[in-house]
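Next up: some structures, all given as structure tokens.
What follows is chain A paired twice: with chain B in the first complex and chain C in the second.
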Partner chain A sequence: MTVSTLALTQTLLNGVFVGCLFGVIALGLSLKWGHLGVADFSHLSLTLIGGYLTYTLVTELLWSPFLTLAVTVPVFFVVGVALQWFLHVIKAEAFTSLLITFALFIVAESVVSMIWSPDLLSLRPWLTDDLTQSMKVGSISVAPIDVVALVVAFLLVGSAAAMLRYTRWGRGVQAMRQDPGVAETFGVRLLPISLVVSGLVGASAAAAGMVVALKMPLSPGLPLNWIGIVVVASLLGGLGRPVGALVAAVALLMIQNAWSLWFPPQWSPAVTFGLLFLFLALSPVVQLVRDRLSSGAAREALV
Partner chain B sequence: MKLSFDPSLRRPLVMIAAGVAAALALLPVLGSGFAVTFGFQFLIWIVLALSWSLFSGNTGYASFGHGVFFGIGTYVAAAVFRSTEAPFVVALLAAGLVAGLLALVLGVAVFSSPRFAGDLFGLVTLAMAFIVMTIVSNTSFLDGGTGVFVREHTDGTWIGASTRHLFVVGALLAGLAAITAAVTSVTRWGAALRSIRDDESVAESLGVPTYRYKVVAFAVSGAIAGLAGAPQAVFLGYVEVGAVFALHIPLFVIMMAILGGMSRWWGPVVGAAVVVALREALLGLGSAEVAQIIVGVSLVVVIAVMPHGLSGVAVKVRKPQLAKEEAR
Partner chain C sequence: MTTTPTRRVRLVAAATFIALVAACGGVQDASDSQDLTSDLADAEIVAPVEGMECDPGTEPTGEPIVVGGSLSLTGPLAPTALVHDEIGKIVVEWVNECGGIDGRPLERKVLDDQSSPAQAASNYERLLAEGVDLVMGPYGGASTLAGAGPVSRAGYAYPTATNGAPGQLIGENHFPAHQFGAGVTDPTKMFDAYAQTLLGALNSSDTPPETIFFANAKFPTTLSYGAAAEAALEEDGKNIVGSVEYDLGTTDFSSIATRIASEDPDLVYLGAIGADVTNIYLAFDAIGYEPRAVYAAAPSPASIANLGDQVEGILLTSIYENHAPLGDTDIARYLAVTFSEAAEADGLFPLVETQAAGGFAAWQILLTAVNEVGVDNAAIIEWLNANEVSTVVGDISFDGFNNYGEDFNRVTQVQDGKRVLVWPEDVAGAPIDLAP
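Moving on to the complex of A and B:
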């Protein structure tokens, strides 16, 4: 089967835009997993609930979708802090917290379908034309919503990366990850820092949720379809690395979209996990090569 | 491994035999309606909780993939019924064998790297669930996306004739799972598995072949779950990917094992009884969603307040000194 260059470009570009959305969700998972040691499934549920809250505020109170962030961001910050506080109080280990967030994930699905019904809800009819009419750039069409996704992704991932890298606070987070005991001795206050990280991740779910509501019809089971890509993107990007998560998510979605041009699309979830297994199988090899190279360099330096 | 009869096994084995006999004796009393159906489901949950605990409870490697082995068993049995005229026993054994082989292959791959411990092991098993789901729903031999009608093939056979026959199979499987769990709790093999949970590198240095033991225990655990899938296929009558591989199944199994406590081999049985009863009572109250919410929230509460589960609490009440030593 031959595929035109235009179709391929359009498909890959769509992969970039959807990848941006998943990158924002993966950002939250990656930060909590990498820096707090909590593989937080309920982050996906929180994102979905953010989408539903956006839907309700837009359709019931006729707010602009962007104005809803003024409500959802602070609320979700508090939710994030509360969850981390709870895990701290019960002294949850890595697996226990995974189990708890998984349980919350299942609970959230039922709660959402009770409050908002199990049916598909679409925000599209409520949006103004300048959000739904796609623009033509040459012969390629770009939806304004996709531009929103792109901007949100760059803002959040950029600020997370910059905060981790350049602020004292971010260095504290990194120190905590490398050695909590030593970090504490040097004056990093672990509990407040982890609460704030969890809160910020929660707040990012509010922004991601708004993009979800703009982009796709909402249904309670959506997060189930996201788990694969989000988890794989977090792992491939390197846990705790904001830019890595975004790049990995974009790459994954581009590969998945390209795959569906040539092969049956219903197999594309298997592609994602196939890549994960390939990565996990190859990473010891990569580690070995890296060790060899670095030890070689060290030897040369001695000579 | 040398199998010599351990006298401390006598009591558990007698208890299990008595339990299975009591379940079978109860059968005429239960009639053929709701009570038998409920009893069958309860027995299947016991099999799943005990077999999950056999690997995950003993070694501390918590798997989210137990529903997959159960589901594979269901689908293999369905395929046997659909493509052949073979009796139920063949479907049962095929279900256990395929699920066990899948667990074996996965175990051989995953345990070869020490990185896959803790939450990463949980995620790999979860990823396996998605891969298997994709494969099953795209393979026309197994499902192909339309679901499989099992009932039309089992009508007129012994197993399809009555739910009471399913109940008998369920009771025998529960007995098998219980014996495996009890034997594991007293033998050296079980002690070796538990040493992996306590400190894997110390266990390895003391001569426990941790890799081999993990692989074997995982395969046995998967095979027992697969066996339970065969009667489940007949019970469902129509198997379909969404229901068979639903994610709440592994969650419920984990919840039963944790709620019951894993420091005693019979803990998961207690957990299964509580969860099944709770769920049934809640379903009577209102919607399935409310039931799911309450079960999920109670899992969180149980983890928070009773890390050793109900059997741990029972031991604390009966033998406070022993419980104190275990807590150490």
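Moving on to the complex of A and C:
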């Protein structure tokens, strides 16, 4: 099949936009998994619930989807704090946390079906052309909703990365990740800091949910479709690394889209997991080479 | 509290940003376009099947007739299975409002199979062990086949609504409402009549499509539909300019949309289920492409309704739409009103179309036989194999392969925002309208 440069450019660009959405979802999972040691699968459910709350506020009160964040962000911050507090109170180990959040992930589907609808709900009829009609940039089409996804991704990932790197609080989070005991000795208050991280991750689910509601029809089983790409992006990007999660998600979606342009689209998920397999399989080899090189360098230094 | 000038500037900047962001979000009131049931006429209660008495106000007494069934009340099949659950509730209430069957109340016992065929089989075993009088089939081809084992072994009649695997033999106790095959005896030909119906519909247009692009979800029913349609259209001389399959649950269709746009076919054939149609249209939007014509097999009705004006003219697989001649009966009118009220309350698509009609027809098959021969499964099986049943989707006889006798696959088109059957002519509410 011959593919024009324009078609390839358009497809890769669409991969960037969809990757931004998955990158924002992966951001939350990566931060909690990397810094708090909690592989929080319920984060995906919280994102979906954020989408449903956005839908309700828009369709019932005719609020702007952006204005809904004024409600959902604080509420989800509290939810994030409450979940982490609960895990702290029951002294949940990593495996227990995984089971609990996975149970919440499964239960959330039924709860969403019961509260909203098991059927599809779409914000699309409620949005004006400003948000739904594509703009032409030269020969390339860009949907305004995709621009929203891009902006939200850059804002959230950028601020998370900046906070971790440049603030005292962020350095405390990193210290807690490296060695909680030593960090505590140096004055890092582990519980408050982990509660805030979890709260911020919850708040990010509200923003991601708003983008989801704008971008696609909502159905209770949607997180099952996301879980593969989000987990792979979190792992490939490096746990706890906001920019890594975004870059990995964007790269994965670009690869998937480019693949689907030339080859059978049904194989594109296999490409994602194939990359994860390669990453995991090659990691020990890379580590071995690194160790060899560093030990060689150390010997040379001694000589 | 005092505020410094810097802090005030930050506060004003934040407030301005929030106001700007809030003002930019373009929202319109779409309540009117979401009201799909405004033109449904009031209807008087009548018996749900022909030949049954209906005496409103008479309280049924005596031993209830218990109908057991398994449905996917949770899991990925739930959105559609809940339509069948809604129909079951309506039928039970309807029959009992009419005074029951021979004065006995109808009762329904439903177990959740969580969208798992293995659980469906286990549910039927439990229901049979508990001694239910009759059974109703589940939703979904795999669950239907799984449930068939215990139900057939127990000698019960097994009515089904919209079994998507008609080529898998169940037996003489199987009574399907969604009829496939038009009497073929070869199970591999079960979808050929469907393909000929689609071809007939397209060729009935003044401007039939010549170039067609196929995109099919990797799901048994859509793949069967797609393979039969592709073969029939190609044999008719149509040019198949592309054919792709995609994984179930795909939400990003941008590359498929780009491939379709590159070929710019006269017709896009979507073997789409669930939300696929909405997501594909969103992908078309994102690249600024408007397809000339689209046909979608097995999409969720809500996914079509959600797209509003954008899907004006779309063609769909259907077995029933609520208009004459099929919808012009007292039973169909009462069904339309009661279903719309119940479905709206439960957040489901409120119009009777393929799933609701197929579900109701399955109940009509069972109730008609019970009305004729009583609550005796052997007698019910014998009677249904020898007689024709009048249902909301048409008259059904069970005399072909796997007890399929006709082919009820029809073609619907969205015209002026409403779903209308356009083919075959005997059930059509309007002719097909394809833009040149």
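The rule is short, and it goes like this: the second predicted complex is superposed on the first by the 294 of 303 C-alpha atoms of A that agree within 3 Å, B and C clash if a C-alpha of one lies under 4 Å from a C-alpha of the other, contacts with A are read in each partner's own complex, and residues count from 1 in each chain.
FYI, a contact is a pair of C-beta atoms (placed from the backbone, for glycine too) under 8 Å apart; a residue touches a chain by one contact, two chains touch by 3 or more.
Everything numeric here is computed off the predicted structure, so don't read it as measured data.
Asker: Based on the superposed arrangement around chain A, label chain B with chain C as either clash or fit.
Answerer: Result for chain B and chain C: clash.
Asker: For A:52, decide between first (touching chain B), second (touching chain C), both and neither.
Answerer: Neither partner.
Asker: With the two structures laid over each other on chain A, which partner does A:126 touch: chain B (first), chain C (second), both, or neither?
Answerer: Only chain C; A:126 stays clear of chain B.
Asker: In the overlay, answer first, second, both or neither for which of chain B and chain C A:117 touches.
Answerer: In the superposed model, A:117 contacts chain C only, not chain B.
Asker: Check whether A:257 is in contact with chain B, with chain C, with both or with neither, and answer first, second, both or neither.
Answerer: Touch partner of A:257: chain C, not chain B.
Asker: Of the two partner chains, chain B (first) and chain C (second), which one does A:77 touch, if any: first, second, both, or neither?
Answerer: A:77 contacts neither chain B nor chain C.
Asker: What is the contact status of A:224 with respect to chain B (first) and chain C (second): first, second, both, or neither?
Answerer: A:224: touches chain B and chain C.
Asker: Contact-wise, after the overlay, does A:102 reach chain B, chain C, both or neither (first, second, both, neither)?
Answerer: Only chain B is touched by A:102; chain C is not.
Asker: Tell me which partner touches more residues of chain A in the superposed arrangement, chain B or chain C.
Answerer: Of chain B and chain C, the partner in contact with more residues of chain A is C.
Asker: Please write out, lowest number first, the residues of chain A touched by both chain B and chain C across the two complexes.
Answerer: Correct list for chain A: 109-110, 113, 224, 264, 266, 269.
Asker: Under the touch definition given earlier, write down the residues of chain C that touch chain A in their complex.
Answerer: By the definition above, chain C touches chain A via 18, 21-30, 33-34, 74-76, 78-79, 82, 218, 244-247, 249-252, 254-256, 258-259, 261-262, 274-275, 278-279, 282-283, 285-288, 300, 302-303, 306-308, 346-349.
Asker: Which bits of chain A are touching chain B when the two form their complex?
Answerer: So the residues of chain A in touch with chain B come to 33, 39, 86, 90, 92, 94-96, 98-100, 102-104, 106-107, 109-111, 113-114, 224, 227-228, 231-232, 264, 266-267, 269-270, 273-274, 276-277, 280, 283-284.
Asker: Using the touch definition from the top, list the residues of chain B that touch chain A in their complex.
Answerer: Answer in residue numbers: 62, 64, 113, 115-116, 118-119, 122-124, 126-127, 130-131, 134-135, 137-138, 145, 247-248, 251, 254-255, 258, 287, 289-290, 292-293, 296-297, 299-300, 303-304.
Asker: Which chain A residues qualify as touching chain C in the complex?
Answerer: Within the complex, chain A contacts chain C at residues 1, 3-4, 7, 10-11, 14-15, 17-18, 58-59, 62-67, 70, 109-110, 113, 116-122, 124-134, 136, 141-143, 146, 215-217, 219-222, 224-226, 253, 256-261, 264-266, 268-269.
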